[in-house]
Structures are given as C-alpha cells and as structure tokens.
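Consider the two complexes below, in which chain A is the common component and chain B and chain C are the respective partners.
Here is the complex of A and B:
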C-alpha cells in the first residue's frame, strides 16, 4: 500500500508538466484539434505581434530585478540585524505576510501606490490638490510597480527560506570567528555565511525568478497593459473566443519558456561570476560601509512590510468605507453596506475555494506522509534528485504547461472542479512536502523502537504515535497547502476554463473593473481564507496539548 | 600596569541570577585557564569578552586590553582571536582564501599572497593553498585555523576547548604550537577547558568556576 506512493508522487509532480508541455508543443507547431496543419505559422504570428519585444523585456526585467531585490534585502537584513531585537520585530511583521495571497497583496499595494492612493494623498493634503496627480504609477510601461510589488511579496518567502537554511551553516560560530578576525557584521556575513545559505536556497530563489518572469495574477494587477507582460498576453490569447488563437497562445508560451531558460542560464553564469568576484573580494581584505548598509537593509525591509500591511489595511478600509473622497486619508464614515452587497457572493465563492484547497491539501498530505513513511520504513529515498522533482512544477512557467493539460479533454476529461483540484495538487504538494519533511525526519525514532518492543505494528506507531506527536507541523503544512491553493490563479482559470470561480480568479477579475469597495471585500476575503488556517494551526495543538508541557513549542 | 588583558570584578548575570564572578589580570604571553562544569558560564565568559553576549545575559565590571576599555566595542574592533574545538574553516573557500580572510586590510595583492604563502610554510603546509579545507586532516585544519587567527594580528587569544577533538598525540603537538605562538606574539591568552592536561601545559594560573 505504501511502497508505490513515492513513485506515484513523482508521477503527480512530473506527469502534468510533461503532458502539459506536450499539449503546448503540439498546437504550437500546428497539430491537434485547433491546429491548421504542421507548420511554424503560430510562431510567425507571435513574432509578428508588435508588442513582443517590450512584453518579453518587461517579463525578464521584472523577474530578474524583483528576485535581485528580494534576495538583496533579505541578505542585508540577515547580515546586518540577525540576533537583534529589531530583527525579531521584523521577522514577526513579515512572517504572516508570507500567507497573504499574491492577488490580495497586489490589490492592496495598488491602493497604496496608485496616484489616488494613500501615498499620493499625503502631499495632496499638504498642497491642497483636489484631484489625483496625472502620473502613470500603476501599470507603468516598464513594470516598475510590478517589480516593487513582487519584491515586497517575495521578501518574506526568501527571508524565511534563508532563516531555515542558516541552521545548516553554523552561522553563529562562523560569525564569531569572522568578527574576531576583524570583519564587520555585514561584510563578514556576506563573505562567510551568505555563500552557504545561498547554496541551500538556490532552488527557491529560482522559483522566485521564474514566478517573477511568468506570473499572471500580479502582472495583471500591477503590470503594464499595452503591451502586457508576455504571460499575460499568452493568457489573453488562450482565453480568446477565437479558437485559432489557441495555437498562437501555445507558441507564445514556448517563447516564454525560451526566455525563462535563457534567463536561468544567465543567472547560473552570474552565480559563477559572483563567486569569482567574492574570492577576489576576500583576497582584497576590503570591507563594506557597515552603518549605511545596515540602515539600508532595515529601511527597505521595513518599507516593504509596511507597504504590504498598509495595502491590507486599505483593502479592509475600502470594504467598510461609506464615502472616501480623494485627498482624505480616511473614509468619512464606516458602513457594512459593501459587505451586505458583495459579502454573500464572496462567502459562497470562499466556500468553493476552501473546499478545493482542503481537497488538494488532503490529497497532497496523503502523498507526502506516504512518501516520508515509505522512506522511514523501507529506506526508499530518491535522494537529491527528488528535490528537483519537487521543484519541477515550480520551475517550469505555468503558462507553458497548464493550457496543455486540457489536452486530455479529447479523452473526455473536460475542464472543471476535478481538474482544478488535480492542478492545485501539483503546486500544493511541493510546499507541503518541503514544510513537513524536516519535522517528520527529525522525529525521535527511538520512540518507534520502544513502541515496537511493546508489540506495536508500524501502522499503529504511525497513527497513534508519530502523527499525533507531529500534529503541529502537520497542521502547519496543511495551512501552507491551503494558503498556496487559495492563491492559485492561473491553474484555476485555465483548468476551470472560466467556469470554476475562486477568490483568486474573482479578485484578479475585479482589478480591471475598479470598484474599490468590491475589491476591498474580495481582497479581505482572500487574505482571511489564507490566514485563518495558520491561526488554527497554532491554536489547535496548543489546545490539544494544553496539559502536555513537552508538546507545546515555544 | 596597562599591559595585557584585565578583567576587573567582572560579574555576569543570567536574568537576575548571578552566573559567575571573575577578577583576573593576564599579562602578555601568559595563559589564564578557566575550568568548570558545564553550565558554569565558561562559554558565556568568552562571549562577554568577544562582545556578543546573548540577549538575556547582563555583565558588570571592566574589561581592558592594553589599557583600552573594551566595553561598547563591536566584536570586530576588539581584535581578540578566537579558536574553537572545531577549526571552522570556511567550507566554500580554499585553504589560502581562508587565510586571506584573516589578513588585516592593507598591502597589495602580491604582498597579501606572499604573506599567506609564508603563513602556510610556517606550519609546514607549503603548497596546500589551493586545497579544499574538507580534505585536510584534523591536525592540518587546526594549524590552518591557528594561522588564520594569527594573521589577523590579534591583541589577545581566546581558546574555547580548542584541543578536545584532537587525539592524544596530535593534542600535545597542537597545544605546544598554539602556546608557543601566543608566547612568541606576546599576547595574553584565556583558555576555557575541561582537560587538566591543558592547564598543566598552559603553565599559567587557573580559575575554577
């Protein structure tokens, strides 16, 4: 029963990617039900699209700059402040923001940085402007607001991944040695701890890079419009009522894949270059402007956290605002009118969203626990290669394989809730695995040996000892799974063929409409749907183990 | 007398609980040994000397090195060399780069390379510069760690059970090397240890916590 699970998990992760890519390549070369015969016609159409150079440039730029930005700020804050009270405060501020879905974060951010947003209202108050300034801040043609939004949203992710990696590099003693040798905090950390940490978070960094280049939800909300980023354009072609454009979409997706592959190759080259420069830097014995960099790190991280929090506050306030004219910093009055108008539909969709999320998470959890237990009982590990399988669906652009997954539609598997759930599993499973594998493997197996000595079967040990003892990490993994699922936009949109509505698809769809009160209600709804499971994951173990001191983590 | 390292009525508290009290003067070239059971605050004392006492600990009293008050100085400005039981060579760098990391700033490229080569030759490790530190034997790694520290021209040396992971023969040899070098550099040494033989070899005063 347990033995086939690791193989099944690999199939669940790799199968959709491979089938999906095949389902993208075929129409791109003119084959399949929407094709017009073998040929490169679809590619010619993509290359003829006048927006292509700009769209590709903005995709690559926003991806690379946002990754460098988030990685740089995360490194600066760790280098300059780890172990201080300031750092703990920032960590506490940033951790919950990890759970906030990309769409809700982007919508909130738009409320803050738009010409009519909170930031512009400050000078407007002071200078007596009565209309918002005529500036193209949101959806600027070079994707700068998109880049800023991605930095703010990816910073908590990279920071927590790097924090988790620190334990592997003995950073405390390494830093003590480094500083005793006369190196400053920031320069010393960059020279001795960063290389070790980066080696551990290399794959997550690449996930951020690929997501930055290819995401559709944030780019629709914050990114440029004419032309949009390449992925957004591919999605538009995909959803066009003109079926002939499906093959153009497929060809566009493959252009996107090529751009991503080239950027990843350049990134790997840049890693080598940085390593060589780092060696030269170590030989030179030079330091860094410590005070400036520490101040820069804490201000950028603080600003980024503040922007996201202000965005969430703006969403909440707009959902409750009666009247809120331009230069005013707060609404005239608060009312529940928007909630009674948009609330019932939002809550109904939230029900669907959470049902999909719970199913996808439960399926992922079964596979993950199955894999980990098989590893424990039979030593079935796929080693380092397994990690690549986990990251595969996260490293291949979603637009490149999701549309192709509807290929089996010929076989009678049409778009719908079932396919959406299956699609979510592909993206939820890696995160559930990454979150649960550490605690699962760290469980004290001497307990299993003692129990076996008392006559307990392996199944009994799993159900009665291991899983109950791992309640807290299992629930945390579930919360992460639900948050990931609640945030999935493109899989829901494409695999549901527009017929499956979730909080993510509705929130992104509303962004174009500009009804701020509706955006407020839906944005708050999506954020709460992603955050509530984390509250439960903290509360339930505390309640269950209230009389078990050793089980309550600090 | 302003030479050496002075610990004047140093008291360390963990929260409100007094952890240790120490009053000592370590002249240049002398080794002060500190012994005590685990939990007696030996490592905390070293952290305090380094200037990175963990939150939750408080310290009173004065630390002076060569007449300079150390309190308030960040670790990197104190110039106290630190050796642990593990050599803690940086695994992503070559042996030579590990040593270059210890060099104080200044001098041109050739000069710095020459100093690193000389340091390697000094502990009979000529030609080991390009090696991966993970391929060194325990004794070789300990020697590289010592030279890395000495290249930073420390004003005092702090040893945190530095010989406990070496086997017997190597331990005597490394012990002699470290103490000889500290004496030659005329710097005060604080040695925290479990091992009476360390104290005997150090030949200096002993404080038991």
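Here is the complex of A and C:
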C-alpha cells in the first residue's frame, strides 16, 4: 500500500512538467502546427527584441534582491527578537499576511505607495496640493517597487518556514551556550542557529528566488512596463492575436528557463562563498552591531507588515467606498453597493475555490505522508537527485511548461474541475512536502522504538503517536496548501479552459479592468478564503495541546 | 443571395460542419439549442459589461439555453484555446461556444478557418440591423461575410475633467500644445493594448493628409505615411504622465488615474463610458466627453462562433437575443452600458423606436449628431505595425 507512493508522487510532480516542457520546446524550435519548420527562428526573434537585456536584468535583479531582502529581514527578526513579546506581536502580524494572495497584496500596496496613494495624501492634505506629484514610484524601470512588494509578500513565507525549521536545530540550547560564552543575541544566533535553519529552508528560499524572477501577477501590477519583466513579456507574446508569436513565446520561455538556471547556479556558488566567509567569521570571534541590527530588523519587518496591512485596509475601504478622490484620505461616504453588486457572485465562487483547495490539499497530504512514512519504514528515500524532481514544478517557471501542457486535450479528458484539482496538486504538493518533511523527519524515532517495544504496530504508531504529535506542522502544511491553491491563476485558467472560475482567475480578470471597488470586494474575499485555514492551524493545536505546553511551538 | 453563401459554406467549412446546425433552418436551430450550455468567452474587465452579459443569460434561459460567461483578461486567450484544440485534433465538442471579438482577433481566426458560419445574416433579428449606415459587415476593413454578428457600436471620444480643462484640444496638434503647456497631465493605455493602439491610429488619421491610404494593408510607403505620427510622438512623449516612462495598462486603469487626479484627459472607445463611470463613482462628476474636429474612429463589436463549438445552435440563439431591440435598448441605456446600438431606427417597430428615442443619454454622453460620422478603422495590419513600432521606439527603455 505504501510502497508505490514515492514513485507515484514523483510521477505526479515531474510528469506534467516534462510533458509541458516538451510542449514548449517543440514550437520553440519551429515544430508543431504554429511553427515555420525546424529551425532557431523563434530564438532569433526573441534575441532581436530590443527589450531583452533590460527585461532579463530586471527579472533577475528583482528575484535576487527580493530573496536576499526577505531572507535577511526574516533572519534579523529571528536573531534579534525571537522569544520576546515584540517577536510574538510581529509574528501575529506577519503570519496572516502569508495567506494574502499576491495579486491582492500588490493591488493594495500599489494604492498605498502611488503618488496619488495614501502616503502621498498626507502631505497633500497638509500642504493643500490639488494634484498629486508626477513621480515615477510605481512601475519604475528598475523594478524597485516590484522588489519591495515581493520582499513584503515573501517575508511572512520565509519567516514561517524558518520558524517551522527552528524546532529541528535545538535553537534554545545553542543560544543558551552562545549567550553563556558572551556572544551577542544577533551574532550568536547568526553563528550557531542560522546555518542549521538555512540548510532546512534552502529549497523554500530557492522557490522564492524562482518566483521572484518569474511571477506574472505582481510584476504586472508593480513592475515596469517599458519594457516589462521577461515573464510578463513571454505571457504577452503567448496572448498575442498573432498566433505565430506563440513559438516566440515558447522560445522566450526557454530563455527564461536559462536565466533562472544560471541564477540558481550562481546562488549555489554564493552559498558556498558565504559558508566559507561565515566560518572565518565564526572563528574570528567577532560580534555584530547588535543594537543597530535589532532596530533594523524590527523596523523593516514592521514597515513591510504595515504596508501590506494598509494595502488590505485600502482594499476593504475601496469595497465600501462611494466617491473617493485625491487628496481625500477616506471616501466621501460608505456604501454597501459594491458588496451587493459583486458579493453574491464572489461568495459562490469562493465556495468552488475552497472545495478545489481542500481536495487538492487532502490529496497532496495523503501522498506526502505516504512518502515520508514509506521513507521511515522501508528506507524508501527518493534519493537526492530524484528529490529535485519533487521541486521541479516550483523551480521551473510556470510560463515555461503550463502553455505546453495541454494535458486535457492530449488525454481526451475534458477541461473541468477535476483536471484543475489535479493541476493544483502539482503545485500544492511541493509546498506541503516542503513544510512537512522537516518536522516529520525530525520527529524523535526513539518514541517509535519504545512504542514498538510495547507491541504497537507501525500503523498504530503513525496514527496514535506520530501524526498527533505532529499536529501543528501537519495543519500548517494544510493551511499553506490551501493558500497556494487559492492563489493559483495560470494553472486554473489553462487547465479549466476558463470554465472553472476561482477567486484568483476572477480577481486577475478584474485587475485588468482596474475597478478598485470590484477588486476590493474580490481581494477581501480571496484574502479571507486563504486566511481561514491559518487561523485554524494556529487555533487547533493550541486547543488540543492546551494541557501539554511543550507540544505547542513557541 | 442564398446560393453564394451556401457555396462558401461548402467550400470552406464542410468537413468540420458535418455535425453542426444549419443556420438557415431556424426552427431546427431553436430545437437543438434547447438544453444546451453556451460558454461565451468575453473580456471580463468591465463590471458593467459583466452585469449586461448576466442579463442576456436570463433572457437565454427563457429559451432553454444556459449561458456561462467565461471572463477573459484578453480575447486572444479564447483564440489561443480554439487553436490549441485544433492542434490537438479536437474538431468537435470544443470548449468555446462564442467569443466577443473584433479586429485582429477576427482577422486571424477567419484567415485560419477557425470560425463557424456564415450564420449572422440568418438570425431572425438581423432584419433590424443597420447594414447601410453602420460598419457592421466589415471589421477593420475585413469583410465579415456572416462569420460574426455585430452587437454594439463604439466610437472614440476623449474624456476631460471640465474642472481642470476649459477648452479641450480637438486635434492632434492642439493636444500636443496642451500637453506641452501641462506636462505630466496626459497619458494613454500602453500599446499594444487595443485602446492605446487606437490612440496611435487616431492620431495618425488626424495627422495624415489623406487617411484613405490606411484602408489598404501596410505597404512599402509605411515609413513615409507614418512619419508625421512619430514626429508627433517624439514631441509628445517627454511631456506625458511620468515623462512616458510608465503607462496605464488598460482603459479602465486610465480612468482610475483621472479619478485619482493624476491626469486630466483620457481616451475612451465608448461614448457612454464616462456617464456610466460617473454614476459608479469611477470618474468625477465634472468629467465630460468630446470628439476631434475631423471626427473620430468608430467600429463595431461582434460575436463569433468557433468552428468546433459544442453548442453552435445555442450560441446562435444567444447572438439573436443580443440583436433583439430589447437587449439593444438595454445596452444603450447610459447607466447600464451606454453602448451604441447596431440597429436601424427606421426598420424598428414603432414602440421600440419610441423607446430608443426616449432614452436620456446622460450628462457626459454626446448626442449622435455631436459624435458625427465615425471614421473608418484602418486595415488590421496598421494596428499591428503601429503598435510594434511604438513598442520598439518607446516601449523598451534604453
């Protein structure tokens, strides 16, 4: 029963990616119905596009900078503040923001930082400006506002991942020792805890890196347009009415894959370099400017949380706004008109969205626990090289394989909810795996040995000991799975042939229209749909383990 | 009349048509449509349009047809879907039953034989369509030949905030003068967005000596013909909003900029849009519209049925409902859609005509007389070439 699960999981993850890439490579080299015959014509067209150097540079830059930023701030916060009341407050503030879908967060943020947005309205009110300043803040050519938006959105993700990993590195004992040796809080954490934590969150970090370089939704809203990032341009070629451009889009997608691969290789090289430098630093015994770094960490994290929260508040306020013009800080009146206009449909679609998310997450959870348990019982590890297959769907840019993945048509299966759920599993499963595998493997197996010695079967150990003890990480994994599913846009659109409406497809379609009130209603709905599971993931363990304090993660 | 249509039918689409309904036999179409579900792929970016399509769905339900609006971010998504289905050999039972379409998307689908038809002239309500006075049988100069059915007329208007702009500029040179006197207060949706491309076409028509050259496909003299436009754009771009380093991506977002007080003049392809936007709090109540001295571009929106549609009969029933005087009147009502009707007032029954005449077009909508005769759309190749050229010149930072 358990034995075939690891192989099945690898097939579920890698199969669609490999088929999809084949479907992208063929048109890129001029084959297939839209091709002009075997050749490198499409690549020449991509290379001839004058925006290519800048688009590629902005893609790579925003990906690398946002990853470094989010990772750095998350580390500073954990290093400087873990265990304090400030940290618990920040954690409570940041964790729910993980659930906020990227598009909704970006739209809210755009309203906050635009020259006609909330921040600029403060001086406008004070100084009596009648028109906003003509400043290029949003969509700046180097993608800095895009990078800032990505940092704000990825920080909660990395922080949660690192928190989940903390339990596995005995951080409290390590910190006790470094502190007793006279190291500062930040320096001590960076020297003894960070290396262990980073090793556990390495793949999530790379996923953040790839997402930063290849996302379409955030880059469309916050990113530059003259030229856009590479992934946005590839999507535009794909959607161009001139069908011949589809092969150019395919070639562009492969250029994107090459850029991602090179950046990942450089990242791995940089990891080695940092490790060497870090070792030298550890041996040197030198410390860090503790006060400055602690202040920096808390202010950056606070700022990013505040910006996202203000964006969400803006979405909520827009959904209730009557007229609202510059430089007013609030609408002239509140009305439920937008809710009565868009609310009923939104709630119906939210039902479909959550049903899809719950099914995809449950399927993923069964596969993941099956894999991990098979690994535990039979030593059936998928192997380090095969492990990379598991992360393929997250590390290969979506634009590179989704268009080539006309799975429904190939298999003769009609597009619909079933295929969409299957597609979501491909993206949900890795996140569930990423978030659950660490805690699962780190579970103290001596407990299992003791139980077995008392006569318990492996199944009984799984159901009565391991899973209950791992309740918190399992629920966190579920919440992440649901949030990932709720945020999926491209897979839902393509695999559902546009017939399966979810909160993500509706919100992005509306984002094209720019109606802030409708975006407000749908954005609030999408955020709530993704948020609820996290509330449950926090509340249930606290309730179940209320008499077992040591089981509740701190 | 019927013979050539049937001949075309036989030549172009016979193999795929084997199981598709015959538009000429309307009672059979109605019978087949009963119980079908029609997936209408239409741009979903406008909430007013979405509400209108939902209303059409209620009318369709009365005839036993279930209408599902598949909301697109871009019409090309649907074109791509039909194409990929053909690539996969799915010649029947396709997932797209009807598309809101015009211009380059239509030209592309027609050229690749991806369309069902001809069907438009067989629809019962076709009798009311204004075939002579409105451009409903050509689409960006490409003859429709019954492969798409019109549903709304559109014409370029410029929206200005009358609080901030006293005398709106009514020609391309005047617009340039105004923009230079008010730097940073004008922009347009970024080409290749259709509205941004429309702005380029509109300026070219206004600047070129004789716009007739634009009716033929782009030829050898492209550089010469388009030169005045690029001189104009070179002068205009530095005084645009954000010095032309960023643009709104769509028309509605451009209106949002106007509501945020970031710009004072905006382009629209719907004469009633400003009135509807004021009613929805999306524009200041001081917004008004105007057209250029030489007139502005006009075209029609259509619905087309893919060759492999699963519910072609149901789609024809829906297309016919859209052409009904009741639906057309609703579409023209300013706070609902404010789209121009495709019907000929003289052909309508007395009661319907009176209802149209009784419509109050709204505070920011020009009367048909003020709108004037619409200029003809250039051949689709112009839109493509101008948009590509614009992107190469201004759309990629150096």
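Note that in this section the second predicted complex is superposed on the first by the 405 of 554 C-alpha atoms of A that agree within 3 Å, B and C clash if a C-alpha of one lies under 4 Å from a C-alpha of the other, contacts with A are read in each partner's own complex, and residues count from 1 in each chain.
What we mean here is this: contacts are C-beta pairs under 8 Å (C-beta built on N, C-alpha and C of every residue); 3 or more make two chains touch, one makes a residue touch a chain.
These numbers were taken from a predicted model, which means no experiment stands behind them.
Colleague: For the combined arrangement obtained by superposing on chain A, do chain B and chain C clash, or do they fit?
Modeller: Superposition check on chain A shows chain B and chain C fit without a clash.
Colleague: Name the contact category of A:196: first (chain B only), second (chain C only), both, or neither.
Modeller: Once the two structures are laid over each other on A, A:196 reaches chain B alone.
Colleague: Is A:145 touching anything from chain B or chain C once the two structures are fitted on A? First, second, both or neither.
Modeller: neither
Colleague: Given the touch rule stated above, what does A:319 touch, chain B (first), chain C (second), both, or neither?
Modeller: A:319 contacts neither chain B nor chain C.
Colleague: With the two complexes superposed on chain A, say which partner A:226 touches: chain B (first), chain C (second), both, or neither.
Modeller: second
Colleague: Please work out whether A:66 is in contact with chain B alone, chain C alone, both, or neither, and reply first, second, both or neither.
Modeller: In the superposition, A:66 touches no partner, neither chain B nor chain C.
Colleague: Which value in Å is the smallest Cα separation between chain B and chain C when the structures are fitted on chain A?
Modeller: So the smallest C-alpha to C-alpha spacing between these two chains is 46 Å.
Colleague: Mind sorting out which residues of chain A both chain B and chain C touch, each in its own complex?
Modeller: On chain A, no residue contacts both chain B in one structure and chain C in the other.
Colleague: Considering the complex alone, what residue numbers of chain A touch chain C?
Modeller: 32-34, 49-51, 54-55, 114-116, 130-132, 134-136, 138-141, 220, 224-227, 236, 238-243, 246, 321-327, 341-342, 406, 409-410, 414-415, 493, 497-499, 501, 505-506, 508-510, 512-518
Colleague: Using the touch rule from the top, collect the residues of chain C that touch chain A in their complex.
Modeller: Against chain A, the touching part of chain C is residues 39, 41, 43-47, 51, 68, 70-81, 83-90, 93, 95-96, 103-105, 108, 112, 183-185, 190, 192, 241-250, 252-257, 259-262, 280-282, 284, 384, 391-392, 394-397.
Colleague: Along chain A, where are the residues that touch chain B in the complex?
Modeller: Where chain A meets chain B, its residues are 83, 85, 170, 173-174, 176-185, 188, 191-192, 195-196, 199, 279, 282-287.
Colleague: Which bits of chain B are touching chain A when the two form their complex?
Modeller: Chain B residues touching chain A: 50, 52, 55, 74-82, 84, 86, 88, 90-93, 97, 100-107, 109, 112-113, 148-149, 152, 154, 158.
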